[in-house]
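Paired with chain B in one complex and with chain C in the other, chain A is shared by the two complexes that follow.
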Partner chain A sequence: MFDRIRRSLSKRRGADDGSHRERGDNAGDAPSDGLRADGGTAAEPDSASLATRLRRSQFLESLPFWGPPGFLVLLFVYGAIGWNFVISLTGWEGLGQPNYSELSTEAYTTLLTDASFIAAFRNTIVLLLVFTVLSLIVGLVLAILVDRQIRFENTFRTIYLLPMSLSFVVTAIFWSWMYNPRIGLINESIRGVVGVIDSAVFWTTVELGFLTQAWLDDPRFKLAAIIFALMWQFSGYCMVVYLAGLRAIPSAQYEAARIDGASAVRVYRRVIIPQLGASTMSAAVVLMVFALKAFDFLFVLFGVNPGSSADILAVMMYRVAFDRLQWAYGSAVAMVLFVMALSVIGPYLYLQYRRGEL
Partner chain B sequence: MSTESTTPRDDTSSRFDRIDRSRVALYAVLLGMVAFYLAPLESGFMTAFKTTDGFRATTPFAPPPAGEFTLGAWQLAFDRLSTGLVNSAMMAIPATILSAFFGSIAAYGLTNLSWRGQIGVLALFVAGVFIPYQAVLVPLTQFWSFVDLGTRIPLAFVDDYQGLINLSITHTAYGIPICTVLFRAYYATIDEEMIEAARLDGASAATIYRRIILPLSVPIFAVTLIYQFTQVWNDLLFAIVLVSDPSNRVVTVALNQLQGSFVQQYNLQMAGAFIAALPTLIVYVLFGEQFAKGVAGET
Partner chain C sequence: MSHDKRTDADSRISRRRYVAGAGALATVAVAGCSDDPEGDAGIEDDGADDGATDDGTTDDGGEAEAGELEIVHWWTAGGEEDAYNALLDGFREEHPDVEIVDNPAPGGAGSAIDTVIQNRVLDGNPPSTFQIWPGQALTPYTDEGLLEDIGDSVWDDEMREAYLDDIVDLSQPGGDLVAVPINIHRLNNLFYNVEVLEEADVDATDIDDPQGVLDALEAVDENTDAVPMAHQTQAPWSTLQLFEAVFLGQRGTDDYLSFVEGDVESLEDEVRAALELLSEYADYYPEDAGSISWDQGNDRLIEGEAAFLHQGDWAAGQYEAADGFEFGEDWDMVPFPGSDGIYHSVIDSFVFPTNNPSPEATEQFLNYAGTVDAQERFNPIKGSIPPRTDVPTDDFGPFLSRQIDDFDASDTQPPTIAHGTAVVPAVQSELEEAFANFNDNLDIDTAYEAIRDAF
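The block that comes next holds the complex of A and B.
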């Protein structure tokens, strides 16, 4: 549904952008040729034309609307990030106040040799990639299944998206129970399946006990267990995004491919999935950015010390700043996170802008 | 009916068979996924009704056996979380309404009124959706300790609920970007000719917003309010950083502490998790469609 909106919006925006760039005039206004006469140099416009332009451009009229929320965003988001950067240069520690007179980049050089930072950085990347790819795949499969004219479609969709409405505190508690090594559902199910196999394969005893693990305690499985649980929570979101993408594809294309005698799998592989690029990209950006800031889930499970096998930058930042009171160092970790997020969303927003979809 | 078909009967019936079988497989997979998504909730729900012996002796998803059924876990969890529930509501409801309102006017100013450079301002709003909050945590604590509302505004209410007020304002500010994005997608579909006609009649931007835009905004307000309420209610990070006073603890923090102090008491933990999640679960069950739209609009 949103895709349709976006599409119609993109058309209009695209048109606007064109006029915007070639005229340097404001978008959306009816093209007036009155101003075209005063040439391309907007360096020194006389006051009359500036006034008309301001009036025509509705800048002043619109200011009371976006100004106050814009001020809050500027202060809390961009001001705070700038301040955070300055704090990261101060070397501030402990209970006192930061000293802004001596600034150095020492925190950042320390990061490069800090083993716990390197481990957290690596885990963050692993989480970001594996979690994103896994959620996208499961979400895509779900969307394709749900899109096959099923009955009770609403019910299925509602159930698949349900985990997304829960707090990470809640889901972390559910999963700590699921992963309980002795009586949790995961290991109980594995034991059940192993039991069935054992009794079926009667000529030999299959030793499959190794399949039950202390998923959240064993350094080998911690991160995988976290990724699996987060996939459980987010794949429904991917389904919603893909479903919107699928619904935007004209059904004539399915029909045409079907009449050509292509199998369902081929239709999806060759015709449908290639058209879901935009959905994949926007869902991937949201997932990756989430993976960068995933904190609540790990904090509830492990507190400030998930151990080097599951530590991620978001948790490390909190531990360093709010547990050890190394504020400047924590701010430096946060800046790394910010730059990572920026390197994901920067290109995305630029692409959206180029396609006229911002 | 196909006239060219040379092997009419056999072929069609086997095709129907195949379709039927693939439909059955489809529903089997769909139901399997239902089990996957509901298993943690279902086993949590069952566990919450069991005694300690009960959940140790039975499979997590099985209903409580005779004699092992209890509501004790729910009672204890509710006692522990009731203050948090009230605090969360006091914090989340104003923050949600304010963010939605700010998002609405910002989207109007950036979409239905046009001026040069608005794309740049809009980009700053959109980027705000994706900011990792870790990058603002330390300055935020500094900021709120400087502002220190409690001593600046000599009201008992402000003094008592300083942490919650700070948290509420913080959530309002960080909610504005996503609310703006949601409203903008909707406002871009509003017929421009209608607005233009009103403008030619001499209506000011404020009048147009009040008379035309706002009445049309009811559906998108529903989407935004529901989505944003869920986000604010569910947050833990801002709450643990900004609220230190135990009497101002929100429900996610209280639940985390409950989990930390009753480590092996899974029945208690599960009951607590459901109590803390109840408001968002109710909202989701009643307004799932709006929630899905909010989630999809984030992209």
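The block that comes next holds the complex of A and C.
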């Protein structure tokens, strides 16, 4: 963050310095002063030059602009994270106040042997990866389809993007109805299709009833059902990101490839998709962070106890802290979650930084 | 070009305006924050008055010490809210000078209230009083001395005599009397649809023990199209309380009490037997048990699509509300087989937090909550029975009157795990997690180990 500020400042400084010098010359200031301030050749700082330097210091000049917000962010974001880390070391439980005099990493060592943490950690990773990859693929396919100058393009785009604008609470309730094994749309349609097949292919011997499942009850399908619902919600977002990426590719490339005789599949595979790296990157980061925050979705569906087949760290953190009053342990889970989020965001920010886009 | 420049300039101006606007907004917001908190309280108060009848709050200009009584509770569903408002009406009649600030934290069985209360208590800013399960659920508060001893101020001799001993004990988990129980729900009920059972040729009153329940479920499954047991597994508490019922029915109160005290290992066989039976019950749950809430399951019992339901007697409120579904003719209830003389109690109570913003009004309210008048107003509407044994039963319907008779005649009134009175919140939460996994996989070994490790 500071790097960013400093660099944006240095840009400004370059521009401003010119005007400063000009003004200085016009006013007929002592040339030595101007030299010292700009050239840095001063041997001893006398009071006048110090005052001038302070007055001209870009740092001080800009301080009122980035200082207060920077301070607030430091305090309320990074300060809170730091404090959370300290709490995770205290062993704080119950409704008393934490004791900061004895710090230990016991909470973290307990985590390693806690079966529910291991299950939650595993589920979080699976959710993170599978959900992100699937959403990207579906989003890419949708984007390519929508990009082919179809009719009602805007309408389709809106339809696909709309789920993204719903809150997790709405989609969770909505999908719990979809997945209801008795009256839910999914099993009803499977039954319908199976019925049609049965009546059309009267000699069928394959029992297709196994296709209807209690999607949200069965530990085998629970996480997959959640991932599917989340994918439904976020692939529209991926589509929009990819669509922007596709629009940025000059149409000359399509034409050139076509003239060279490449098939449509080949054009996309060899020419277009490789250029969508930046879009993939930014969409993936957003998706991963959403996957880490899927708390609302699970909480609405299952409350604080989704069971080990669908538990994720965010839900576990809430359960441990607010159900069991084990604040320190909950903070430790939160720190793990924080490190995971950081390891998603960190490389992305670093890459952006290297590219000079930050 | 020039056009571009102009739009650029425009946008710069508008950006500057944005900043100015944001600054102005922030100033207003800060001013709003630093404004008097009574502004908010006033709004909430209006809401409370709308919900209740508007007679209570007479002018309280003179009495400064009376203060405002802020009550945090989770009674926001239909019948519960009516019962709560009836309670407040009664309190207002006796203490017209106290202004009540109603502050509900909705969420079934207190799922949201805990967070609200814990945060406020940690910040040293508790409400005047709040709803909480008595018993072990109080221990996080009593451990830190966050609840006032009301043994002298509220629990006078008259009141102590009116309450059964087990209930008084639950009000003093740390030695001091700190809570006033206001209602009791029975948990070990087995509700059933009379017609479905007749069709299945099952007589519920003939079932002797939890094993017999399984036979009855089988008979229902064979002879009717109905779901034998309208159980829900979406949230684990229903299965946890069913486990409690099975264990109580198989082993009785003494073993149950040593179980909740954490002596699981010496009861290993008994716990495993209960889990075993529970896993056999699971064959007779609805196929969408994991997607429904308990009341949706109960609806199916009302519609004649399900035979049995184990649930607290709050389930009966739904039967009362259903048209043409009469107690005795259409639905009935037996104590969960094997637990006849037991009144498995789910209790709500109010407490007196320290740092109280309105000590006097709180004391008045707690005193009132312990009276016959309060419990007579509140309980018939809530569908629970009064913890006082001297409340006239005229206003209670036939079902609740029978429950009151059962309660008065009961041998023991053990606390419950699923509703907080029997174990501390951390243990309760771990047991719930164990049963969430048990709902998933019906694995007895894993469940037993998780239960053992929970204590």
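Here is the rule we use: the second predicted complex is superposed on the first by the 295 of 358 C-alpha atoms of A that agree within 3 Å, B and C clash if a C-alpha of one lies under 4 Å from a C-alpha of the other, contacts with A are read in each partner's own complex, and residues count from 1 in each chain.
Please note the rule applied: a contact is a pair of C-beta atoms (placed from the backbone, for glycine too) under 8 Å apart; a residue touches a chain by one contact, two chains touch by 3 or more.
Quantities reported herein were computed from a predicted structural model and do not represent experimental measurements.
In the superposition on chain A, A:V286 contacts chain B only, with no contact to chain C. Once chain A of one complex is fitted onto chain A of the other, the partner contacts of A:A244 are limited to chain B, with no touch recorded for chain C.
In the superposed model, A:L129 lies in contact with neither chain B nor chain C.
By the touch criterion stated above, A:L63 is placed in contact with chain B alone, chain C being left untouched.
Within the superposed three-chain model, A:P181 lies in touch with chain C and out of touch with chain B [touch as defined at top]. Once the two complexes are laid over each other on the shared chain, residue contacts for A:T158 go to chain B alone; chain C is not touched. Taking chain A as the reference, the larger set of touched residues comes from B, when chain B and chain C are compared. Of the two partner chains, neither chain B nor chain C is touched by A:I137. Of the two partner chains placed by superposition, only chain B is touched by A:V73; chain C is not.
Looking at the shared chain after the overlay, A:V196 reaches neither chain B nor chain C. Residues 176, 180, 183-184, 303, 322 of chain A contact both chain B in one complex and chain C in the other.
Of all residues in chain A, only 1-2, 5-6, 8-9, 12-13, 16-17, 20, 24-29, 57-59, 61-70, 72-81, 83-84, 87, 98, 142, 145-146, 148, 150, 154, 156-171, 173-178, 180, 183-185, 188, 232, 236-237, 240-241, 244, 279, 282-283, 285-286, 289, 292-293, 295-296, 299-300, 303, 313-314, 317-318, 321-322, 327, 330-331, 333-335, 337-338, 340-341, 344-345, 349, 353, 358 touch chain B in the complex they form. Interface residues of chain C facing chain A in the complex, by the touch rule stated above, are 111, 114-115, 118, 121-122, 140-141, 143-144, 146, 233-236, 286-292, 425-426, 428-430, 432-433, 436-437, 439-441.
Per the touch definition, chain B reaches chain A in the complex via residues 26-27, 29-30, 33-34, 36-41, 43-44, 47, 55-56, 59-61, 102-103, 105-106, 108-110, 113-116, 118-119, 121-128, 130-140, 142-143, 170, 172-174, 176-177, 180, 185-186, 188-189, 192, 204-206, 209, 230, 233-237, 240-241, 252, 255-256, 259-260, 266, 269-270, 272-274, 276-277, 280-281, 283-285, 288, 291-293, 295-299.
Every residue of chain A that touches chain C in the complex is listed here, in rising order: 93-97, 116, 176, 179-184, 214, 216-219, 222, 301-309, 319, 322-326.
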